[in-house]
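One chain, subunit A, links the two complexes that follow: it is found with subunit B in the first and with subunit C in the second.
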Partner chain A sequence: MQLTRRDALMMGAGAVAATLIPAGAPRAAPTLDEAIAAFTGGATPGEGGVTITAPEIAENGNTVPIEVDAPGASSIMLLADGNPNPAVCTFHFGPLAGAQMAATRIRLARTQNVLAVARLADGSYGIARREVKVTIGGCGG
Partner chain B sequence: MISRRHFLQAGAAASAILGASGTGNWARLLAQQALTQDQLLAAPAFGNLTLIHITDLHAQLVPIYFREPEVNIGVGEMAGLPPHVTGEAFLKLYGIAPGSPMAHALTHVDFAALARTYGRMGGLDRIATIVRAIRADRPDALLLDGGDTWHGSYTCLHTRGQDVVDAMNLLRPDAMTLHWEFTLGSERVREIIGGLPFPVLGANIFDAEWNEPAEEFPPYALFERAGTLVAVIGQAFPYMPIANPGWMFPEYSFGIREERMQEVVDEVRDRGAGLVVLLSHNGFDVDRKMAGRVRGIDVILTGHTHDALPEPVQVGQTILIASGSNGKFVSRLDLDVRDGRMQGFRHRLIPVFSDVIDPDPEMAAAVAAGRAPFAAQLGEVIGRTEGLLYRRGNFAGTWDELICTALMEERDAEISLSPGVRWGPSLLPGQEITREDLFNVTAMTYGQAYRTEMTGEFLKVVLEDVADNIFNPDPYYQQGGDMVRVGGLGFTIDIARPVGQRISDMTLLRSGEPIDPARSYVVAGWASVNQGTEGPQIWDVVEAWIRRRGTVSIAPSRSVRVIGH
Partner chain C sequence: MSSIKPRVKVPKSASAGEVITIKTLINHQMESGQRKDSSGNVIPRKIINRFACTFNGQEVISVDIDPAVSANPYFEFQAKIPEAGEFVFTWVDDDGTVYEERKEIAIG
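So, the complex of A and B:
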């Protein structure tokens, strides 16, 4: 499946909407690999070039703070591999952006990897992933 | 009863004199009996700067018995490393003579018998004597409190922490960090810290709404000592809203925040700090990992996991100090800091044998005054125990076996659950159980005992989740408690498996039948982190059960089988 960049953006929007509005007829969501391929135009991203800041364990799975940072990037796609629709959103940075970083909050239903794929200044793609655990909690010492 | 002379030798054993190798030689020092009172309490022959560390007091202002764990399993890279060494192996590792005062202080071996010989440990009045002695030869020593201080006793609960706050202020700490204190509610915490003569630090305490550092809790404090700028960075317990009820402190977010820690260390170094100390409530394994990843920390004063180690653990250029819990120990760390960096150290884990150390009169009076209004309630005898009652251990302790049995019988449940907390002193065979003793193992601001139904499938999820919070091979995913205690339920746990695959052979002990994932079971428990939990307070449930029996006899549970370690 070959998706355009615009489709990828729409998927991101769709993922946000899906968390707000209970879905009617289920629509087949692209898989993680498909979503990444759509963003990179099929190129395989290399490790690095982008960092994710996320809690190791979510304090509240309904609103998990995530920060992505990719110096020089023109866009960063955020994904969560355990969500029904893995693509969460894509941030775009114009040439006058002072920093190529963004922070948001996402909903994670269960323990999973959060991934960021960045289109870097040289046109290549970088990827980073971090596991975020969603737990019912333990008991403190 | 041990004499003062014996105590001094115990202190001597604790006094590992360390060079660049980072290892001491206790056995030899002990054999030579080379160390004297002067070396324990008088002017240090070493260095120019002293840190005093106490942590995890859990409001134990008077001396107690506290049995260290027999089972404390380490996983992943931490397997077999201190503090995951217990009993005889611990004694052998550190060259401590079996039956000696330090053997008793640091391990579970022959606990009840040795407790009768060496007496209770702790007491804030004894700690005050030690602190005063250290200050006598190092007046500007920094006293740092690792937190879990304003929690864990009858008087602390009924004064919402005030009795401990007042007593601790007499010790004049220079800084502290927090964990259970937040379960007093964030408003009460702010009220207390507003009146403290020292800062409460937490580089990882953030405003939950903006995800920015919370301004009530500075990340660090700077002190000028021995011509050196000393930075003390605080790290509160990272998993507050997960392990404890987040609704009690909704304004705050925590987390390990390793990147933030590096930023703060870099900041204090840029400001000229020649010594960087992390006052941490991370738990030992989290601190060990952090020490290997964050550059520029000289000393980590660890807390939370209640480990007492007679020698520092060294990770790269960082040393980790573990000072125990419940007032049993005071750590003294003498440092040689010159030319803007730490050049050497000497460490002593000072055991607080209460029969040997004189109580500080001022502190003794303050503690007594705080207890006086509650004297009748504290001293009321509820029953008597035939066996040793203790809590520590990864899977079970007799105190929790008692609580789980009381929950099942008083609440008419098939299964009971009790949180795997590590606080709570021990009682010796034959001792009376007073209300104070009962509160020492149950006191908290969310002690309601719930009664509910859970499916077999959900029970497994609970056990799996809690197990992963202890045995995840990555320390950053560990929360530092012990396994949830169960009554009426047996199971096998394979430590080495991943989450979802550790628990098997779940059995309803009442019938001997396997747990049916689809069936609902009546479950009683307490200390739920959910808001609006209803039920009687756990101490009332347990008191009623003990009173009915008069004398209780609790054998260690054998219903959990542990494999994979």
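So, the complex of A and C:
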């Protein structure tokens, strides 16, 4: 293949565009899979090992009570797959944690799945899902 | 904004080795950074991004918080009490402010 002047210019323009586009694009929130992979270090979590307690129907998405419980876990990440940013919060349990459980109140933009990923005692990861129906969304829209 | 005041519920005493339930709340608007004001400008994010609880310097629980946690973030968890001592609770604001609350617990 012979490299013409036109080819060389096109390649140059392409290279410039390639470097510009990722830098110029707004930094999007990570997707659900990316958020889980960042927590597990790429490992695929197995089902179970963690329990989510949540209402089946939430009247008000601004404050939905959620409880997670994963016996022996060192940390639990809570996610909501229908929110603009799926991450909700991550609990880390220290040596004086009485039980590997925690309860909080979260915002849900619409009806969606709440997920909990736990780093279990043996180093593997467990995941649980629970659908919560939301009557009024919680993102101030 | 009204002054930010943490509230913590810890029993006054416990027996050694007992597991107790702790409830914490701090009044904070937890502005998510997703909302817009009346002229269409995004209201900048301002949340409590971290909460931690220690007992006599040992970690009980810490939480990395994202904007999906409700306003006036509430946490309930359990702690093991090996001896008499003091709980220290800290909340870290996006603006760098750290709110702190301490609670003592006796054995008996």
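The rule we apply is simple: the second predicted complex is superposed on the first by the 108 of 141 C-alpha atoms of A that agree within 3 Å, B and C clash if a C-alpha of one lies under 4 Å from a C-alpha of the other, contacts with A are read in each partner's own complex, and residues count from 1 in each chain.
The working rule: a contact is a pair of C-beta atoms (placed from the backbone, for glycine too) under 8 Å apart; a residue touches a chain by one contact, two chains touch by 3 or more.
For clarity, every value in this text was computed on a predicted model and none was experimentally measured.
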item: Touched subunit A residues, subunit B compared with subunit C; value: C
item: Touching partner for A:V114 - first (subunit B), second (subunit C), both, neither; value: neither
item: Partner chain in contact with A:P95 - subunit B first, subunit C second, else both or neither; value: second
item: Subunit B versus subunit C as contact partner of A:I57, first or second or both or neither; value: first
item: Touched partner set for A:N85, first subunit B, second subunit C, both or neither; value: second
item: Subunit B versus subunit C as contact partner of A:A103, first or second or both or neither; value: both
item: First, second, both or neither for A:T135, with subunit B first and subunit C second; value: first
item: Interface residues of subunit A shared between complexes with subunit B and subunit C; value: 103, 138-140
item: Subunit A-touching residues of subunit C, taken from the complex the two chains share; value: 19-21, 32, 34-35, 54-55, 58-71, 73-80, 82
item: Contact footprint of subunit B on subunit A as seen in their complex; value: 53, 55-57, 59-60, 65, 103, 111, 133, 135-141
item: Complex contact set, residues of subunit A against subunit C; value: 62-64, 67, 80, 83-85, 87-99, 101-108, 138-140
item: Parts of subunit B lying in touch with subunit A, wherever the complex brings them together; value: 56, 148, 179-180, 208, 211, 237, 239-244, 246, 253-256, 259, 283, 304-306, 419-423, 461-462, 465-466, 468-470, 474, 476-477, 479-482, 484, 499, 527, 529
